[in-house]
């Protein structure tokens, strides 16, 4: 078996850095690729080598297979790690790597194809005896056909992009009246995101939880699961908070879902790290949703409770190694991850690219920061607004929540608006604390999560504003009196520090 | 400890109950202040940190505070809590009283909240819009974002076109 | 039992922040004290309340018991956590807290007294049947008496301050010729550090390892040990690297030492977190060295492998709680900590206070940073030069070392000189990798640890220097030609960034 | 790609083998350079980061580099590796050749490497010292630090007294 000595990471941001960290620890060389907008990005400096693969838009750089493969050949890399997103679930890219003599760190093209398109994946799962959500298995040619089918399974229904993931091209439809606009929006988003506007639909379940199971398979026929992640805290089908263990799973249910997940992976000849996503409804029935045939954004929580470095396992399996453990591992303690986005929850989560003036990440016991940014970095406008994943571990869920609150309180990002305060509010929300929060939790609690005024802090703000105004007035008076006395400034050189944006909403 | 004190009248913006508060500020040495708010005296100590934030001690309570000037107001950020406060001294209050008669209701300008691409424009000049109605869709950072009318009115200006790229703060739509 | 609701932390720097982090997670209010030099220190902002306790020198602020207690009363604190150093091992302070109605989070004054003075501690241990290093048990009145005794046990010998710890006032003496100057130095350092110049001496052991055992006792008579820490990487008796498990301990030896450590703690009626330090010689005999009656600097490695928050346990025990576990806990995986100091290894570890211009701490899986500084902070001249403790966890020792290397490579501190590169060299040193490194390891390997020139990097430096010089010359030429054309600067605005100090040694 | 190139001669300080290296630098657009070192041509790309460091790509190899001007030399920090390099262009080399005759051996000035307190001074004016001999003890950050002579010679100046506090870079002892 060829030993992997140098890995090109076909990605950017935090996940590129995450993969390079493990390579670095394993003594494997790293190659970064970057778009013209990313020359000063952190992953370029983290790598041993770096090559430009095109202009800022992903379609002209990170998605151009030929450029990525040319960079790998030029650098002398023997393997490519795709991260998540971009080319990570593209079977043509897997084949292109193989043709170029490069190891693709991920599953074979064939399992990707079986699981890549949702309708095909559903059909596979039905055949393998895995429970699926009631709905159509084929994309609908026309809005009318889809609408008729929706009426037959009953509203609410979910529209989903056949070629997609990550919440893009998904729409919940409450009633026939909303169907047409939702259909149009889903198709257009699907086309923009995946270059494929095929959309199918499913019945919407009652208070569904999004619970996914991490699976891992090697090339020797072994496949195990590494427990679940609860990912029901979603906004527009974009995960915001993930935790493990799921607060709603019994050991029996965990074992059952794990077994089904392994069966699902094996049925498509899976190899490497994969995730089987399920919906678990109010009666704790679970249904196959989709399989992500790559490393998941939220993999750190699994790493916390198992002690496993999932990227190291990916490389080990790609090298032809046997899985280090062949039995399921009991989770140890509890882990939570939150996604810190450059976005403003008060203005409908509007992205807020810009320059990070100051950054201080939390530290201390059992806090992990996976970020792709640094102080002074300008978050560009072209890519995902995820700037950091913050995760914590503690022996129990309440302790983990308390730790996450503490860590969020320590996190300082100046210059751009982030969702840190919103995440902090989630960690205090009664429904979240209770543990039984379904996928509608975030939209339902939205007004509460934006936070309320605290009279004690308002008083402090009044005092601070008065002193600030007073100091400013004094300074102006002084500078009017003696503009010539240089060198000696006042006792405390006040200045309006870095900007904090969108203070009072739009005006 | 017995220096001259200055009186300010401060109002918190956007609150249901926006009674003006009276504050008497007395400056001492070394960034220390005594401030009386609604009859209660507080001892403050303010130190400017290297990154521009202020470490503020209020009667021994420790706060990290940031300030931003927002027009005539001061915006204050403390523990993730943002207040926009109008602080006026007596001269300013007198000036205001004199010019109050000239105040007018402002028009609503929808500006780009970030750099991005205009995907769709739903309105044209002359349209009547209701509060919350979608005006246009922008794409930035791979997400589509709908900009909505924040009050009802008539569209008097549309200064962007579908497919164009706009900078932060570019004026897009005006409603009156 | 009174519930602790608000804790004053009678300390500064990283340990004050460490303690406050746990208080924050437990919902306990925090009170900082600070000297006039520390008004802008991080621990002042981390706390809910903060009070000034005097001028910069510790003797006039952090060591003034009345000021600390007055601050606690003013703030309405019900307990005081002393951290390490300062008042943490002062039984008079414990009594003063009790008298003021404040809970001291630590052992009772009586156990502190039994263990505080080294000669008394030795006598106690001999009585309790704990093995001790051959030597005198009483301070010597004169240099002559001490010298005579040294001759009788045979050189080399160790001089030690009776009242001290942390390597201060300790001197190894190789032969009679060096005795007088070492004696003078030890006494003067002891007086300066502890206000007590009593010095005793012990036989110096063959290739001794410094291995210490963490013990924990509650007020209900329970006492357990939480395994050992290997702390042999020392410089002037100041620990630099710590790890657990110790690479030289067998499970049998671990169990034996743990048992003896528990016996030692119980013999003095110990309560709370304590550490029994042992020397383990080449034949793997172990000898009691001293007991530290407080939280240890290197406690994070124990937290990594046990999952326990030791500060939370301290507070729990101070509240009268029963130890959460009553059986020894098997260590899980391997943890290493390094101490990042503001000092220059190339100039005999000269401290380097100054302003931190830029700071980026490492992240990613299983890396923990406990620092007391921030970007823009000026490290003052008055206190210990420890600016951060970096620790990592991994399933095995080689993986932990690889992870520490990676984390140190990511650590960026600009503006002041640190020992990061020196620590990095330790992580590559053959003797360290072998695991059997004794307390003379760092002095012995010193020249190697300063690092050697890398021809490949020299070539990069040459290329970089040429481009830098070229660019500078071009800029000067441009500014000579047109000083009036403002606004438009060159394509790449080069500037000599933050300073990096002491580049070529002194000149 | 065919712009004019400039020749430099660079010497690494403090190395056993300090042969001068010849470098030909050719600047392109956008921070890109071709540099020929000892006959091998390298493609470089340099980008200045917000905190002053330079992200340098050398034939695709990625390095974070920092520069500091140290007298006539340039000090370069790359991956924790510090080199002090003398880079001269042809004009500078000619100037040097002309003035080489006037070069003298410098005296040794021991300056305070940090702010601190002088605890002990071991030497006085007129003493002869050997390389590595202790000159004085300073205390800073709770540690006592001995400053030593970096070459043999005679003490010509002692400008500090025991018990006094000195600032960073204060001249303490001069040896000639």
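Some observations on this one:
A, B, C and D label the chains in the order they appear, each numbered from 1.
Operating definition for what follows: a contact is a pair of C-beta atoms (placed from the backbone, for glycine too) under 8 Å apart; a residue touches a chain by one contact, two chains touch by 3 or more.
All figures in this text were calculated on a predicted structure; none of them were measured in a lab.
Counting C-beta pairs in contact across C-D and across A-D gives the higher total for C-D.
As a whole-number value, the distance joining the C-alpha centres of chain B and chain D reads 51 Å.
Remark: chain C and chain D have CA centroids separated by 32 Å (rounded to whole angstrom).
Remark: chain A and chain C have CA centroids separated by 38 Å (rounded to whole angstrom). Per-chain CA centroids place chain A at a distance of 46 Å from chain D.
The set of chain B residues that touch two or more partner chains comprises 47, 51, 61.
Along chain C, residues 358, 375, 409 each make contact with two or more other chains. If you draw each protein chain as a dot and join the dots that touch, the picture is not a line, a loop, a star, or fully joined; it has some other shape. In summary, the structure contains touching chain pairs A-B, A-C, A-D, B-C, C-D. Residues of chain D touching chain A in their complex: 47, 49-51, 55, 57, 60-62, 64. Contacts from chain A toward chain C in the complex involve residues 17-18, 21-22, 24-27, 46, 300, 303, 307, 309, 332-333, 358, 360-361, 363-371, 374-375, 395, 399, 402-403, 405-406, 409-410.
Residues of chain C that touch chain D in their complex: 189, 193, 342, 344, 347-354, 357-358, 381-385, 409, 414, 420-421, 424, 451, 453-454, 457-471, 473-474, 491-500, 502-507. If you check the complex, the residues on chain A that touch chain D are 32, 39-40, 44-45, 47-51, 74-75, 355, 375-377. Per the touch definition, chain D reaches chain C in the complex via residues 6, 8, 10, 12-15, 21, 23, 25, 27, 29-31, 33, 35, 37, 42, 44, 46-48, 51-54, 56, 58, 61, 63, 65-71, 73-85, 87, 89, 110-111, 113-116, 140-146, 148, 150, 168.
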